[in-house]
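Structure in structure tokens, see below.
First chain written, first letter: the chains are A, B, C, D and E, and each begins at residue 1.
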Amino acid sequence: MSLLLLGAALFLILNVGAGLLRVVRGPTPADRMVAAQLFGTSGVAILLLLAEASGEGSLRDVALIFALLAVVISVSFVKRGWIRAEGSSDGEADHAD
Amino acid sequence: MTPFELWSTVVIFGPLLASVVALSARPALLRAGLVLGSLSALVGSAGLWRAVILYGPGRHLLGGWGQPLGIELWIDGFGVAMLAVTALVGALTSLYANSYFGDLSELSVRESPAGRGARFFAPLWLLLWTALNGIYLSADLFNLYVTLEILGLSAAAIVTLAVSRQATVAGMRYLLVSLIGSLLYLLGVALLYVQYGTLSLEGLAAIGPSGPIPAIALAAMTVGMAAKTALFPFHAWLPPAHAGAPAPGSAILSALVVKGSFFILVRLWFSVYGGGSPEGLVLLGVLGSGAILWGSVLALRQVSLKRLIAYSTVAQLGYLFVMFPLLIPEPGLWNADAWTGGLLLAISHALAKAAMFLAAGNMSYAVAQDRLTAISGVAHRLPMSFFAFGVGGLSLAGLPPSAGFVGKWLLLRSAFETAHWIWIAVIAVGGLLTIAYVLKVLRYALDRDEAPEDFRPVPRRMEWAAALLALAAMALGVRALELVELLLVGGPFPW
Amino acid sequence: MPIELTVTLVMEVVSGLLIVAGCLFFLAGTVGLLRFPDLYCRLHALTKADTLGLGLIVAGLVIRNPAWPARVQLVLIWMLALSAAATVCHLLARSSLAAGIEPIREPGGASAGVTPAGEGR
Amino acid sequence: MNPVDLYMLAGIAITLIALYAALTRAHLFWKVLAINLMGTGIFLILLAAPSRRTPEIADPLPQAMVLTGIVVAVAATALALGIALRVIARSDLPFLPDGDEDDPDSPGSTGEASR
Amino acid sequence: MTALGLLLDASVVLLLVALATRLLLTRHLFEAIVLFVSYGLTLSLAWVRLGAPNIALAEAALGAGVTGALFLNTYQRLAERIGDGAKSPLLEDDGSQDPPSWFKGLLGGGVILLGLGAGWALIGAGRRPAFLPHEIAARLPETGVQNPVTGVLLNFRGYDTLLEIAVLVAAMAGVWSLDRGSRRFGRARGEPDEDPVLHALTRFAVPVTVVTAVYLTWVGSTEPGGAFQAGSLLAGAGVLLTVAGILPPPTAASRPVRAMVAGGMAGFVLAGIAVLPLTGQFLHYPEGWAYPMILGIEALLTVSIAVVLVELFVDVPAVPEPDPALESIDPSGDPLGRALRGGEDS
């Protein structure tokens, strides 16, 4: 049955590879960020599958870190008031200065 | 606890603890950090010097494991000589920096950018010192990589302490070169580990690396270290970085930091690879000759004081590489004259170059400019700095009785013995060019009778630090025999 | 003995089906990410489908794994991913709107749901 | 083909592509990115190549080296980005000016001026 | 099964090389950064496949997480600087400053040759039996820990780890020495965040992160984990808290922050020196003391690393406004000494 687990992991990796096209195409930073989000979630899934397939429990810790850092990166990215697309003010997200 | 274990701990971890003090404590304790670092380096290297002379090369098994499992410190004459000169230059430069940066106890991180930079000079410099001492005692490939990174990061940060745009650009370029150089070195480490499964220099030397993978590894590491040492075709980053740094930083970078990667090259080529390939040694010698000629010519053409000295560093580093082909005249033999001569040149260059950069710092401090034309007449107001610069320059040029003279003489003798006429010609021409550019500066400084108008008095300690270094460079020649004795402990092939 | 065997077999099959279904949701999310016309649609497609896909895979793995600590950890990871996806999607959409990236509104394509996804708090 | 070989070859490829990019991209950020990637390529070689020799026992030493290397890379990246930002603040361009003779602010710069 | 595994490895490798190539050659900065984060996550999978979960943890947390966040942060500063919608070489590198194509060609050719040579040499490398892994396994019980990687990091080669902390501290001091525009990050202290969603997430994610970090430090002696992974996780929690405006950002101006940054290194060195009179060698733990000392050092390092990483992330990237005091310094002179004393007499 670990054939199924490995197969699923392989499928998810190919899936992620396809999703990368969105990072390359853009057009806005937010689009690229969404695609990175896909990377994070799929990475968690792949790691969980591999953990089950190999019986290596510590991979679940890695998956947990994936999930946590996806949060940190995305949140700090958004909260920095990054979007300058079409002439807005510097956004409510950042009160600094 | 043997003296080796005691003093090597003091010499490495003294400056490290001092950097902790300088980093975390109140600004009032910055000076305490510098004093602690200088004292531990001086005492530690003196202790190791004595131990090496008494007992021969020694080791310190960190963690009690020994190679190949753990990391060893290897303490031999070469390393201790470099430690000692680093301690001397470092202590006097710290003394200088203490006055140069104004009242250290008043520096706050909230201040102007310049003040903030000065606030962090002491911790960065003490970390850099730790890294240098670590390199000179290390006997482990990967440990050398980590120390190199401390060295590279703190050195680049010291360049950017001088807030000008030129210094920032130079510091960036320096950091990039330094990082790529370290990574090439790491690539070599990886390849060697893949091939032989050990990181210990001694273990590798016992195996005697040969074959395609070790050859690629040596090439990668040599390119990386040559870039960090600013050997001839890779020298472009050095003059702006060394000229742009604040004066004590320039002295440290030019006198000491480039010697760290040079030390690693010597260890690799001779101690580990047993001489490598004769063609490679000749190639390094040719590049060194190129550095001597090209660096000296460019130094002659400079119109700013610190840049002239920086180009002189490019040239003087060339001499150290001329040692490489002379050291092994034929397979199985090594020439003691070339070894001691080349290393004496490295040591005397450290002292002389530090003296020159500090003296130049005094002159431009006094007249607020770095142009050669601006320092005209400064000799009359700053006789001691003028004297320091002149004596340092003469030592570089190899005039007796300086250490530079002894070093060059030994190098020339080894070339005579093996009838390498080309190297002799290069050394001679380089010496003449050195005299020319030193005299150029002296002529400007003596130019007019009256002193320049916008003149600011220089703190006494800054003058003393430069003068003492120059005197040390000169006096070293008188006591060169003791250094030669030290350098021969262990020799180029310690294992 | 046969009953136990049957139970194990059924659980294996169920878990396998859940994992396969999860993979299909991931595929759907990626298709949406690549094919949908603007940022808000893509957010919509991706965060929901992927989180659900991950949930199904976690469910499948929980069934397979007999150890309780591992099961708790799996569920915890899923909850974290769930709340993260929701929050990030919300923040991205909100600050994109604030920055003036307009959602497309003309009929046809994936028009329905665009506006709520963008303006929901 | 041994799967470990795949990772080793990928390590070589990434190291060299990154080295090429570090030397040919003028933009400072790509230089820093390339230096980061070059490090990871070397890590791949370091971890994959020894384990093809002794597949029966995992070698913890390369793992420890790679861990150290990752931390060093983070530190170097932080400092490099900080200095790069200052370069940009001073010159408004993410490039390093050509040549080492840059002293444009002062009249009669080096080089030709010394004639 | 093995065929499937091989296919999995091949996909990971292909993805890695493709990501690396694309991110190094693209002209859009933001794309490159997002690809870099993706590359880090893929690399983490590669470490898992290579049987190194320790590194996978560190790669995900540090390589992808912290480094990616640093790049994003810096990107943000650049975007701020150039203002709305403007095209600028800062964000879109058109390659006009790149070296001439003959140089690229020459270098490219050289690099390809080198790659072929190195690949050929490594594939054909002799398979001499390795002795070190067996030696480490045999003497692991003496180190006081069961995780061999932790044993190498904190006992066999503890000196390297100590210097590695020094690298972090050196980078920190260097970053502190740079001028920063002290742009405030997130909200002021005490001011409630009006975004309830983020707040709820923080309340859930931060405790999970902290618990995981403590768990990783604790478990590091037996299983994958350790100070660096735990420290970077704690740093993640710290970043989240500062972003949400719950914690004030740590800065160099605060002495406790500086003390915590240097404290990990100081504690490590002092532990090494403390055992010197007992055993005669630096960091040579006395019999029976190895485990408690390693655990103590790891705990200290975890906190210290977390503070460094939060500080690097939060406080570094600021493009300062032009400072007239700086621009007036004569660049050809000896700038710093004179500038520092400028107030006194000139």
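Convention: a residue touches a chain if its C-beta (ideal position, glycine included) is under 8 Å from a C-beta of that chain, and two chains touch if they have at least 3 such contacts.
What you are looking at is a predicted structure, and each value in this text was computed from that prediction instead of being measured.
S.K.: Tell me, which chains sit next to both subunit B and subunit C?
M.R.: A chain counts here if it touches both subunit B and subunit C, which gives E.
S.K.: Starting at subunit A, what is the smallest number of hops through touching chains needed to reach subunit D?
M.R.: Shortest path length, in steps: 2.
S.K.: Looking at CA centres, what chain is most distant from subunit B?
M.R.: C
S.K.: Which of the two pairs, B-D or B-E, is linked by more C-beta contacts?
M.R.: Higher contact count goes to B-E.
S.K.: What is the distance in Å between the mean C-alpha positions of subunit B and subunit E?
M.R.: 29
S.K.: Rounded to a whole Å, what is the gap between the Cα centroids of subunit A and subunit E?
M.R.: 19
S.K.: Which integer distance in Å separates the CA centroid of subunit D from that of subunit E?
M.R.: Whole-Å distance between the two chain centres: 14.
S.K.: I'd like the Å distance between the centres of subunit A and subunit C, where a centre is the mean of that chain's Cα atoms.
M.R.: 12
S.K.: Residues of subunit D touching 2+ other chains?
M.R.: In subunit D, residues 19, 23, 45, 49-50, 53, 61, 68, 72, 75-76, 79, 83-84, 86, 103, 105-106 touch at least two other chains, as defined above.
S.K.: For subunit E, write out the residues touching at least two other chains, lowest number first.
M.R.: Residues 5, 49, 114, 118, 122, 125, 128, 130, 132, 136, 157, 160, 164, 167, 170-171, 174, 178-179, 198, 201, 205, 208, 320, 331-332 of subunit E each touch two or more of the other chains.
S.K.: Can you pull out the residues of subunit C that are in contact with at least two other chains?
M.R.: 76, 80, 84, 87, 91
S.K.: Where do chains touch, given as pairs?
M.R.: Those chain pairs which touch are A-C, A-E, B-D, B-E, C-E, D-E.
S.K.: In the complex formed with subunit D, which residues of subunit B make contact?
M.R.: Going by the criterion above, the answer is residues 142, 146, 149, 152-153, 156-157, 160, 165-166, 168-169, 171-173, 175-176, 179-180, 183, 186-187, 190-191, 193-194, 197, 199, 236-237, 239-240, 301-304, 307, 371.
S.K.: Within the complex, which stretch of subunit B touches subunit E?
M.R.: 1-2, 5-6, 9, 13, 16-17, 19-20, 23-24, 26, 60-65, 68-71, 100-102, 108-110, 112-121, 123-124, 127-128, 130-131, 134, 142-143, 146-147, 149-150, 153-154, 156-157, 160-167, 191, 194-198, 212-213, 216, 246-247, 304, 306, 361, 364-365, 367-371, 456
S.K.: Which of the residues in subunit C end up touching subunit E in this complex?
M.R.: 76, 79-80, 83-84, 86-87, 90-91, 121
S.K.: Taking the complex as given, what residues does subunit C use to touch subunit A?
M.R.: Subunit C reaches subunit A through residues 12, 16, 19-20, 22-23, 26-27, 29-30, 33-34, 39, 42-43, 46-47, 50-51, 53-54, 57-58, 61, 64-65, 70, 73-74, 76-77, 80-81, 84-85, 87-88, 91-92, 95-96, 98-101.
S.K.: Which residues of subunit E touch subunit C in the complex?
M.R.: 195, 197-198, 200-201, 204-205, 208
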